[in-house]
Amino acid sequence: MIKVGIIGATGYAGAELVRILAGHKNARVEWYGSRSYIDQKYADVYRNMFQIVDATCMDDNMEKLASQVDVIFTATPQGLCASLINENILSETKVIDLSADFRLKDVSVYEEWYKIEHKAPQFLDEAVYGLCEINRGKIKTARLVANPGCYTTCSILTAYPLAKEGLIDMDSLIIDAKSGTSGAGRGAKLANLFCEVNENIKAYGVATHRHTPEIEEQLGYAAGRKVTLSFTPHLVPMNRGILATEYARLTRKVTAEEIKEVYDSYYGKEKFIRVLGTDACPETKWVEGSNYTDIGFRIDPRTNRIIMMGAIDNLVKGAAGQAVQNMNLMFGEKESEGLELVPMFP
Amino acid sequence: MIKVGIIGATGYAGAELVRILAGHKNARVEWYGSRSYIDQKYADVYRNMFQIVDATCMDDNMEKLASQVDVIFTATPQGLCASLINENILSETKVIDLSADFRLKDVSVYEEWYKIEHKAPQFLDEAVYGLCEINRGKIKTARLVANPGCYTTCSILTAYPLAKEGLIDMDSLIIDAKSGTSGAGRGAKLANLFCEVNENIKAYGVATHRHTPEIEEQLGYAAGRKVTLSFTPHLVPMNRGILATEYARLTRKVTAEEIKEVYDSYYGKEKFIRVLGTDACPETKWVEGSNYTDIGFRIDPRTNRIIMMGAIDNLVKGAAGQAVQNMNLMFGEKESEGLELVPMFP
Amino acid sequence: MIKVGIIGATGYAGAELVRILAGHKNARVEWYGSRSYIDQKYADVYRNMFQIVDATCMDDNMEKLASQVDVIFTATPQGLCASLINENILSETKVIDLSADFRLKDVSVYEEWYKIEHKAPQFLDEAVYGLCEINRGKIKTARLVANPGCYTTCSILTAYPLAKEGLIDMDSLIIDAKSGTSGAGRGAKLANLFCEVNENIKAYGVATHRHTPEIEEQLGYAAGRKVTLSFTPHLVPMNRGILATEYARLTRKVTAEEIKEVYDSYYGKEKFIRVLGTDACPETKWVEGSNYTDIGFRIDPRTNRIIMMGAIDNLVKGAAGQAVQNMNLMFGEKESEGLELVPMFP
Amino acid sequence: MIKVGIIGATGYAGAELVRILAGHKNARVEWYGSRSYIDQKYADVYRNMFQIVDATCMDDNMEKLASQVDVIFTATPQGLCASLINENILSETKVIDLSADFRLKDVSVYEEWYKIEHKAPQFLDEAVYGLCEINRGKIKTARLVANPGCYTTCSILTAYPLAKEGLIDMDSLIIDAKSGTSGAGRGAKLANLFCEVNENIKAYGVATHRHTPEIEEQLGYAAGRKVTLSFTPHLVPMNRGILATEYARLTRKVTAEEIKEVYDSYYGKEKFIRVLGTDACPETKWVEGSNYTDIGFRIDPRTNRIIMMGAIDNLVKGAAGQAVQNMNLMFGEKESEGLELVPMFP
């Protein structure tokens, strides 16, 4: 039985970890860390867990926690994990960080986009980028995994095979992404009030969103060159789901069947990536509550562009689900343990 | 392994059966019946099931089906199950009917409220009303179970203990219920279009809704007398969930603690009924995707009324989940098998 | 031209005043008071008003304001208007208070339900309850109008004629109300976040909501006796709209046509109250953005109850619209000036 | 008083015409045409119009209608207007067609994208494309105006000044558009049911949507060359609103201030186009219910791209509002008559 500690258990991503781990056969949450709700019953904060979780919220003492659990998930604001982590901790426990602290290899890029000083750059080299389908091998032996961002997971997986195969012109890549509101977290902010979000759609963070360098770095590895791209997130009046619509020029004439074959050769055996037929566009509702990434595409011969589309549940494959998938890999569990979640429709 | 046939597998309740049974260890769907989609891949109709269900939709030949499966779920319009069922079928297989055909013992009440002739009244006596927590014993040996309606499940369970204990004046009982839109089914009707439902709330079927006599009959058994009550359903702009707000005069002076004890004495050991503390009101989101019924109440000393509140997911405890719970009871399975669904929030 | 000052112009009700007054021929907002946004451009807070309102937010100095405008709207938290108002102010300007400070005649009832001390009880007698269709005469000559609450406007108007005519047993009256989320205001509270409200419905303030004594007082005047009733509000995932479903026993045998005639005799000439035909249930979407109250009803002969239903837009007839209607009456304007807003559908 | 006939008055665009014209001082609807609801009271189909519109739905006899009214709006499926129109009709009345029949000058392009034969190509030359801010002069004298599509209005206005000034590389232009569901019309289709749209987002018509050639033709006039671009619409779970996010490479180095000046030089005096400051992104909610187009942009120096964003209410500026604006121009009315609709928030 894997003993699990969660720091940040009362944010939406933390709560999703709790939901998923409740169905994991070989893992048990021992520590529900939440600075804001210390000493309150967890089920009073998330009443969906009434009679399922009986625990009380704890503080976020990572040192103490490290001695008690096999793995710590940090579902915390940027900078917190980096400020707490140290060699002692990593020698005692594994860490899966759901924040951005260890996603970018270049500390200066991190500091430029996140506007905070990185407190533990010494672990950047060691940290493994936890995009399971791409870095499976390295994840298995990692002590510290940087769990990818929600937009980035969706954006990267959707373009990866074509980037890797040189089928798309990386300079032409534009990612227009749409997210449900849970991605904005559970903080009580005016902009996230029901009446402000409902019956509304807007772009935000245009040309400046922090997931941009993360996508660029990973697709850069795929393409074998530095990548600079446009990424625009939008806020959609729904709770869950990310849809990424990605545009790129094709580098040569290909048929839809050839593209489909490329996707299948990369993802055909992946349980959590479903490449749709050539006539279907992914919809976020089809993956809601599950760890799936649904991918579709359409070639536009008029413009010689391909439009790639990917859909995930931002809290599952985009956060907690992928974190558990990483945990499974790190502990030699069946990769899908606890993640056999069937998408809920409607 | 229980072999399962579903007639009406492409309605919302049928699709929820498919979702739930996908996680059941000892049951397997062998027949996805759907008159509307015969010969189409099930996963083309419900793309959430892509790569999970590989089957093709079949017709609704109940005779043929009976010889191939251990249990048939009929998630079909009123009248269909009654028109197809016969002794042959019931001698070969068990039937769990999600329609209203076998819920009311009095055929004349059925025909008055449903405005259709009952084609198989000879089975009304035998049919067991499948409200698991109330009729568990009889369900275990039943061949034919009438799975309760969504509004009724919620309405009955919320008032049952107080009705049974004589704590509320049944003549004063008023049930004001609110439902998500999936309860209206997947038929392409103008009134259920997104733009008609969204940003809107309305009552419908006022004083005439068909679930009324079903609630009256069951609460009548509890109270030991004929019950006539007011039931008003409302359509709420959300996919899933039913909230029943129930008003009744107390028959004697009681404290909140006493009421809580009564609820606990009935439901304290029930896995799927959660009696909330005296300070909490149930919310549909806390049970979404799960088989739970959440119950709360408040005593109003000013009016000497009690306000009881119950929340369920209409497609789970209100339809497919309870149907699977019934199946588990009928086949000697663990009652919660396949139903350990943690509510999804947000 | 009526010169208008608004205190609390950046709450949802205040913003709705701004929207409505933008279309009023004989009124002009001179003062956009907002403690939270002093010195910021109003259109930066509410960008829908970009290029329509050019003003900057001011503080809430009511004394100063009184000398500059003909009427002050206070769309502020409970207690603020009472703490600022005085004879000087009322001798210079008229005041329409959208808070609850002057709605209840009995100061002890106010203090019991609102848990705050009333700072200006000396004006309670003078204040006129601004339910236009009921108190039109007194409003015309008032200096201080207490603009009714949103739930109360809807609840009272729906039952008023039958209460007045003695057709319903006031002891049996139960009001089950459902409101969009704008009624909760623009404060950044966790409970009002999109993800907490969306796909959810709940009751709140059960047996304790502050609009209860207001409804009781006004319906008590209609019935000519003290009224105690049950009132339960619910939060619905939509921006605007209140639906009140009201249950009462009939005091004598009546037909639907007779009831319709009673409603018509009270409201037939009222522009802003629409009594629907006997076969229609009101829906909040049909009045969205307008000052209408839509009323319908159904008699249930089985229970000898009548179910009355009323729908309003909580921000218009339930707040800003009625406030402008009051202003029109107080200043001898055409009662509907600025309020000829056609409901928006969908 | 302009006498107005509407063919297709019970679709969402037709109903919005009715809503807007109810507030027009010099126009009166004389004919509510609706094949589906002949002889039914209009207010029974759209109950928001109860006690506002007393008329009964008529058939769609365009010849007869032409002799009775000054202008006919056709808010009908593609092909209908072209099949009914003739010289007789145009000699008696003006026609504003909200369908696509007269938007594309090249009949072969129409037939290729719409897959129907054009029945009145002889009027294509005469028809004026009714994008008011661009073609104001020609509209004033037109007999037949082709009212632009919803996506196209938003897409064209957002890019027009930069296309005209040669500031963007037209070969690089990508338009990613998001629409509320009213754009799909009031037909009872499964894909538009509440439960299918709610909590969901998807792209559709990728690389094949019929508004593509319309955008290309108009932006081609602006750029002075043939334009081929990518256009991808998405369905968003909201009733109203279109947001277009447009990407293009800049042809030369420019500052945000210079771009702002260009927009202002084109739109600074336009009542219905609001160019936001350089720090704001448009949101559909800010224009809801109004005839405004809100435009914003951001320059991304990393990619040398500009991201332009435009927001409209698809039923107002994207359909009925612009149609009335066209009518005002054609009849010498004040251009904004009936259109001084303040956006509703929230």
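Letters are used for the chains, namely A, B, C and D, taken in the order the chains are written, and counting of residues starts over at 1 for each.
Here is the rule we go by: a residue touches a chain if its C-beta (ideal position, glycine included) is under 8 Å from a C-beta of that chain, and two chains touch if they have at least 3 such contacts.
Model, not experiment: these values are computed from the prediction.
In this assembly, the chain whose C-alpha centre lies farthest from subunit B is D. When the C-beta pairs in contact are tallied for A-B and for A-C, the bigger tally goes to A-B. Mean C-alpha positions place subunit B and subunit C at a centre distance of 38 Å. Subunit A and subunit C have CA centres that are 46 Å apart.
Taking each chain's centre as the average of its CA atoms, subunit A and subunit B sit 36 Å apart.
With touch defined as above, residues shared between interfaces to two or more other chains in subunit B number as follows: 12, 182, 195-196, 198-199, 237-240, 283, 285, 288, 346. Across the interface of their complex, subunit B is touched by residues 12, 15, 19, 22-23, 46-52, 182, 199, 239-240, 274, 276, 280, 283, 285-290, 294, 340, 342-346 of subunit A. Remark: subunit C residues 172, 174, 176, 178, 180, 195-196, 198-204, 206-207, 228-230, 232, 234, 236-241, 243, 245, 247, 281-285, 288, 298-300, 302-303, 305, 307, 309, 311, 346 touch subunit B in the complex. Across the interface of their complex, subunit C is touched by residues 12, 181-182, 186, 188-190, 192-199, 237-239 of subunit A.
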